[in-house]
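Following this line, the structures themselves.
Below, subunit A partners subunit B and then partners subunit C, in two separate complexes.
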Partner chain A sequence: MSAGTAPRRGDFARLLRAEWTKFRTVRGWVLGLAVAALVIVTLGLLSASGSHTSCGGPGDVCSAVPVGPGGEAVDDKFYFVHRSLTGDGGITARVSSMTGHIRKPDVTPGARNVVDGVVPWAKAGVIVKDGTRQGSAYAATMVTGGHGVRMQYDFTHDIAGLPGGVSNDSPRWLRLTRSGEELTGYESADGRHWTTVGTARLAGLPETVQIGLFVASPGDLTVRQADFGGSIQQVRFAEATAVFDQVALEGRTSGGAWERDDIGVTVSPDGSLHHPGGFAQSGDTYTVTGVGDIAPLGEGQRIESTLSGLPAGLLGVIVVAVMFVTAEYRRGLIRTSLLAGPRRGRVLAAKAAVIGTVTFVAAAAAAGITVAVGTRILRSNGNPVLPVSTLTELRVIAGVAALPAVAAVLAFALGALFRNSAAAVTVAVAVIVVPHVLATTSVLPIGAAQWLLRLTPAAGFAVQQSIPEYPHVLAHYAPSAGYYPLAPWAGLAVFCAYAAPALGLAVVRIRRRDA
Partner chain B sequence: MHATIEVHGLRKRFGPTVALDGMSFTVSPGHVTGFVGPNGAGKSTTMRVILGLDAADEGTALVGGRPYRSLRTPLTHVGALLDAAALQPSRTARNHLLWLARSQGLPAGRVDEVLEQVGLRSAARRRAGGLSLGMRQRLGIAAALLGDPPVLMLDEPVNGLDPEGIVWIRGLLRSLAAQGRAVLVSSHLMSELEDTADRLVVVGRGRVVADTTVAELIAAASRDRVRLRTTARERATTVLSQAGATVAVADRDVITVSGLTAERVVAVLTTGAVPFSEVAADRATLEEAYMELTRNAVEFRAVDAEAGR
Partner chain C sequence: MRRHLSAEWTKLRTLPGIGWLLLAVVTLTPAASAAAAAMVSCPPAGCAYDVPKLGLMGVQVGQAVVAVLAVLAVTGEYGTGLVRTTFTAMPRRVAVLTAKAAVLTGLTLSAGTAAVLTSVLAGRIILPGNGFVPEHGQPLLSLADGPTFRAAAGSVLYLALIALLSLGVAIAVRDSAIAMGIVFGLLYVLSAVPLMVSDPGWQKLLWQISPMNAGLAVQATARLSDLPLSPWAGLAVLAAWAAAALLCGGLLLRARDA
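Entry: the complex of A and B
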């Protein structure tokens, strides 16, 4: 008789080992989880293989998407009037007018409906840029169509200055100075009293840079409700024209005429420029017209586009996690479990830890393979995939592994509460998978979809979003386009805020009730 | 660690039904103690309270002097068989014991030892769902023996066993008791325990009606009863009643007389010239003794059931 023998392992470690043994010795559960992982991989790779992009033209090769200093894909298309600057210096200019044209939906078929106006994020101002290569480092101080004065640098950074537009009656003076790697933006309403807008440090900015005037205008975005739910978004051509005068340069700048570059302009197959910008000089007055934008790019395939199998995989995870506990109630095996571990809360916690960990490992393998291989397949099919940092890629994979793990814990807790497989699976699917499907398949208005993804456990899906939402870029930031209303970890935290109390409630119930 | 079970003043209600009504008894080491009573007498509820599965409204239940829920590796203190069907059908017999062993920090080798001990070695890798009722019973006993515990509690362990299995389990229970363990075995049939149990705890209506040995119980039930075989049943009944005895008909020409000694019965019959062929002091069977003890409980139960309709 070995009674009284001191146990060799800790209490909880023994329970964990017992629950792991329980899990791995039921073939149906192991297979179920493996199938769930395979569903994620297979659906992901199939949809990646079926996605092709072609750009026409000789060789059918799409031009590479420019990448900013931070590694993100960017739009870098604007009209640039510039000189080179070596060493420290600066530029000052007065903007006295900003006008433009926007093409609106045709009223008479076949007749272009172009109206006067500027889009809110049309930009005109002074800029310092590391050469004329698309995606190179820059800092700029500008007036915008609807967001007042801004200082922006390296695509993802935006600092607000004073609000208000420009006109002949109320011009704005803009100034940008360079001191080594540090750039400072100023604005003034009278050319005498200056206000600092912001400063930027552009690491690795070379001695010689390009300095000058620029104008850009992103397309006009319209989103309208579709007939059968969802929305239709259209981006139409828009251009902006700004009038600059009182332009002054400081520092060692190149002499002679201003250089002019229509950065990133599209060349039509016949060799002509598609919607070119323009420049006109009259005395000391410069009129610059530009099309395009200087901003991070949000359009295109993303690494999480390969994870379309995730909701389907979650179904399998939910079923296995529920069965892991309801099977014990169904057979009365739960009593044997509680005889072996009379501290009931610990038994339930050990079971939840095992099902959560096993799911995490399976999902991490599935997500890792799917993202790595799927992204490669997408690119080899000519699809530009928006690049992200390694850290972001790891976060997406870890998050997409954690999501099913949390789903498993929630489903497990529901199973322990209901003690009935059908009820627990139904509720788990209804609160985790269904809200996500409703919110991302554009059957709901965008507001309702966003609230679903804030309040329900489906908020956890936010963890897979690799491209952030930028306040200084106007886009259709809808769940159906892959934009979640909560930040990645915040979304996962909401999900955990459902799973943890559910498990707590299950612990309270199992402690209080006779087994 | 003392090999004992101490139950004191357990009370428990399920809604309006009283399941335990002051249940108290002690199970001591070195004996097989039979825990008998009709179905619904509170045997299983008592066992579940002892094992910490159900909570009593009042009273204490201790194993080896400690509440079950305070035990860190409980299966090394108490081995229990409650429901042999409580198995995951797709898990093999060996793996069922393996997870239990892991939960107590016991080595996997111990699993093979108990499988051997209960005669399930050849079925070790079969799925539990494919085991016969008798094999599941043996698997349940193997689980109870896994932690080599000083206390064993088996609820109806004979269920589903074939005659060979019944003989085996009786020998096993006696040898476990002989090793100094406390063994509590419940049954609703006294005959199952007659050859196995040394001590008996008889329960009815949620309380102990007798806590005794098998020999004492039979002696108590047999007191003052005489079996009389006579062809003149009616005359015998008349004269014996007049002499102050209580007479019951036991068979066509057999009556049971209580309230008079055998000598007095012979004298009364002789005086009355009643012919008889046999007079014997009646020794009750254990089954009869048990029926006598639990009759009240069963009758009350029947009345309750009718009143409840």
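Entry: the complex of A and C
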């Protein structure tokens, strides 16, 4: 290059400006993108205003969902036998039995079908909790129905101990000690040789806490496929009963009888307790029955529930992005463009940058409005929307803006490769929108749906998931329920891993072929 | 009219890529049906699958190719400017549209028949291996069975109606990218919208007016009373969509410059 030519950077800026001028002066493209953004907002707000939740009769107000120390919605419902502890101390107990009842789907309609057994995440053990308010900080060491000994704290944290259940022949010893803000869980098979399960630091734990025994049992989950796609989940009643003995307390604890609280028990409209827990003491043996769970909550509307218009909006984006390049070929403008900017790769890069950026801005506005207004509409209709941190909300909005931008670049690259809008639109829709629709409407088995969302560009939709999957909570973790198999940014990375090579291929192609 | 038909047939059979598209209809449809059949299984205790619907699952893929074919049959002509020659030679535009629709319907019906028959055959071969046998309460897929025959014949008609719907949209918008966007939106996105609303009344209404959900009701053979529409009423909804699109396209065709 001679010294007289313009510097490279200025060159590219000029190309960008030329491409931006082309985009904004074609009314159809601007309109198309505006329609796509509008579709995201309208469909989202419509579906938000279409969902109502009521908690019984008219005028009934749903009770607020408890929120844990990390700001997440939680389930906090269990039977608590406790004393207060001031300062450092601890509790030791032996669990010698864990039994329960599970209600299974009715065999004869109308007749309750209850069987003996405990669900895998039924919990019984020792706990230290910041008072009896639902959602307050806690740490607990426990035996579970099917996952051995665990130490859990503040709802979202779970540490595995040794596997195995309990019985009269092989009881499990549990211990939990407090030292300042640090809690340590131990387990033992004989009460003499102790193994550490884990340590938790509960920031801001007050001087006086509640310490004691607890039992909880989440409901039994059954999922069946619905006829028109979608699935029907049912959670049926399950309760667990554990027998504790050899209970020993250390430290300054309150004297007298044990206090008993059925934390979070459901009160029926007539004032009676629905499926209450229970407590019985005979000598040094305590029998505790509990219902419920101490765990993060995944049920309910989420902020991304308002983004149901996204696939429809993507269709508009794909059409505009494809036409942004194929129209140049059809009208012969590409020859003028390449005369003005003979470095073909840079022309294509400038075009891709313009369509990607314009789409990002439009989608960010649409997603921001939809999430903010849609969430408000959902809440005013009585739907509990699972709270998330501001950072997560920003990630969802930024991700949902990036998703159409990447889709635009991929569709654009396909348009440049095929030079034919029909082929490009079809392939783009087939690889981006169709796999997502197939996977989330659960016409496919879960395994197949998850693989689609790992391998195809539709993996990018994972970026909108605001509530993570918790291994220590049994739930229907399927794409149709809003759980994607890849982490949010990993999913978007898979999508980019399609768009980037496609654009690279388009650059190679435009260099080698006549325009 | 015969001249019109002959001209449209010549244009359609010489459309670039028409052979590949027809091949795609005839191969992708049974391939997707076979994949669906291979993925499910029926335990000895019995299962709740609607077997004919399962065996014809590939129609949901094949319809995309049919839509592309129908759109290209129109926009190819606009793209090259051939349409002006067509209207100079045959000034009665509605007759041209009618001939185009007739030729396209004929082609789709023949390709669709081949695709559906192959799908049924694939289902009959694959499904018994996955436990869909009479001992588990699932008779073999057979066209001699009345409802199964209705599902298969209805699927062929479904594909033809999809072609007509796409043709109407393409005539109206005259651009392949936009036409494809609209058709795919009507088919795939509208079919998922009922799952996004929670109100049962709205859900049912949206299901009934969605061309793909309603039209594919013609494939249902089990639990018909649970469906929001009867099989033929569902296909009639799709026919109404196709008629509306053709009417819209026809009116615009008469009113506008070519």
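Simple rule for what comes next: the second predicted complex is superposed on the first by the 495 of 515 C-alpha atoms of A that agree within 3 Å, B and C clash if a C-alpha of one lies under 4 Å from a C-alpha of the other, contacts with A are read in each partner's own complex, and residues count from 1 in each chain.
The criterion applied here is as follows: a residue touches a chain if its C-beta (ideal position, glycine included) is under 8 Å from a C-beta of that chain, and two chains touch if they have at least 3 such contacts.
Since this is a predicted model, take the numbers as computed values, not measurements.
Participant: Between subunit B (first) and subunit C (second), which, if any, makes contact with A:506: first, second, both or neither?
Facilitator: neither
Participant: Should A:22 be classified as contacting the first partner (subunit B), the second (subunit C), both, or neither?
Facilitator: first
Participant: Go through the superposed model and pick first if A:288 touches only subunit B, second if only subunit C, both, or neither.
Facilitator: Neither partner.
Participant: Once the shared chain is lined up, is A:441 touching subunit B (first), subunit C (second), both, or neither of them?
Facilitator: Touch partner of A:441: subunit C, not subunit B.
Participant: Please indicate which partner A:462 is in contact with in the superposed arrangement: first for subunit B, second for subunit C, both, or neither.
Facilitator: After superposition on chain A, A:462 lies in contact with neither partner.
Participant: By the touch definition at the top of the document, which applies to A:416: first (subunit B), second (subunit C), both, or neither?
Facilitator: Touch status of A:416: no partner.
Participant: Taking the superposition as given, does A:33 touch the first partner, subunit B, the second, subunit C, both, or neither?
Facilitator: Neither subunit B nor subunit C is touched by A:33.
Participant: Under the stated touch criterion, which partner chain does A:51 make contact with: subunit B (first), subunit C (second), both, or neither?
Facilitator: second
Participant: What is the shared patch of subunit A, the residues that subunit B and subunit C both contact?
Facilitator: none
Participant: Which residues of subunit C touch subunit A once you look at their complex with the stated criterion?
Facilitator: 39-40, 48, 64, 68, 71-72, 75, 79, 175-178, 180-181, 184-185, 188-189, 191-199, 202, 207, 213, 223, 226-227
Participant: Residue numbers of subunit A touching subunit C in their complex, please.
Facilitator: 32, 43, 46-47, 50-52, 225, 227-230, 308, 311-312, 315-316, 318-319, 322-323, 326, 330, 420-422, 424-426, 429-430, 433-434, 437, 440-441, 444-445, 448
Participant: Considering the complex alone, what residue numbers of subunit A touch subunit B?
Facilitator: Residues 1-5, 7-9, 11, 14-15, 17-22, 25-28, 327-328, 331-333, 335-336, 338-343, 514-515.
Participant: Show which residues of subunit B lie in contact with subunit A when the two form their complex.
Facilitator: Within the complex, subunit B touches subunit A at residues 1, 3, 48, 51-55, 64, 68-77, 80, 82-83, 85-92, 95, 98-100, 102-105, 143, 147-150, 179-181.
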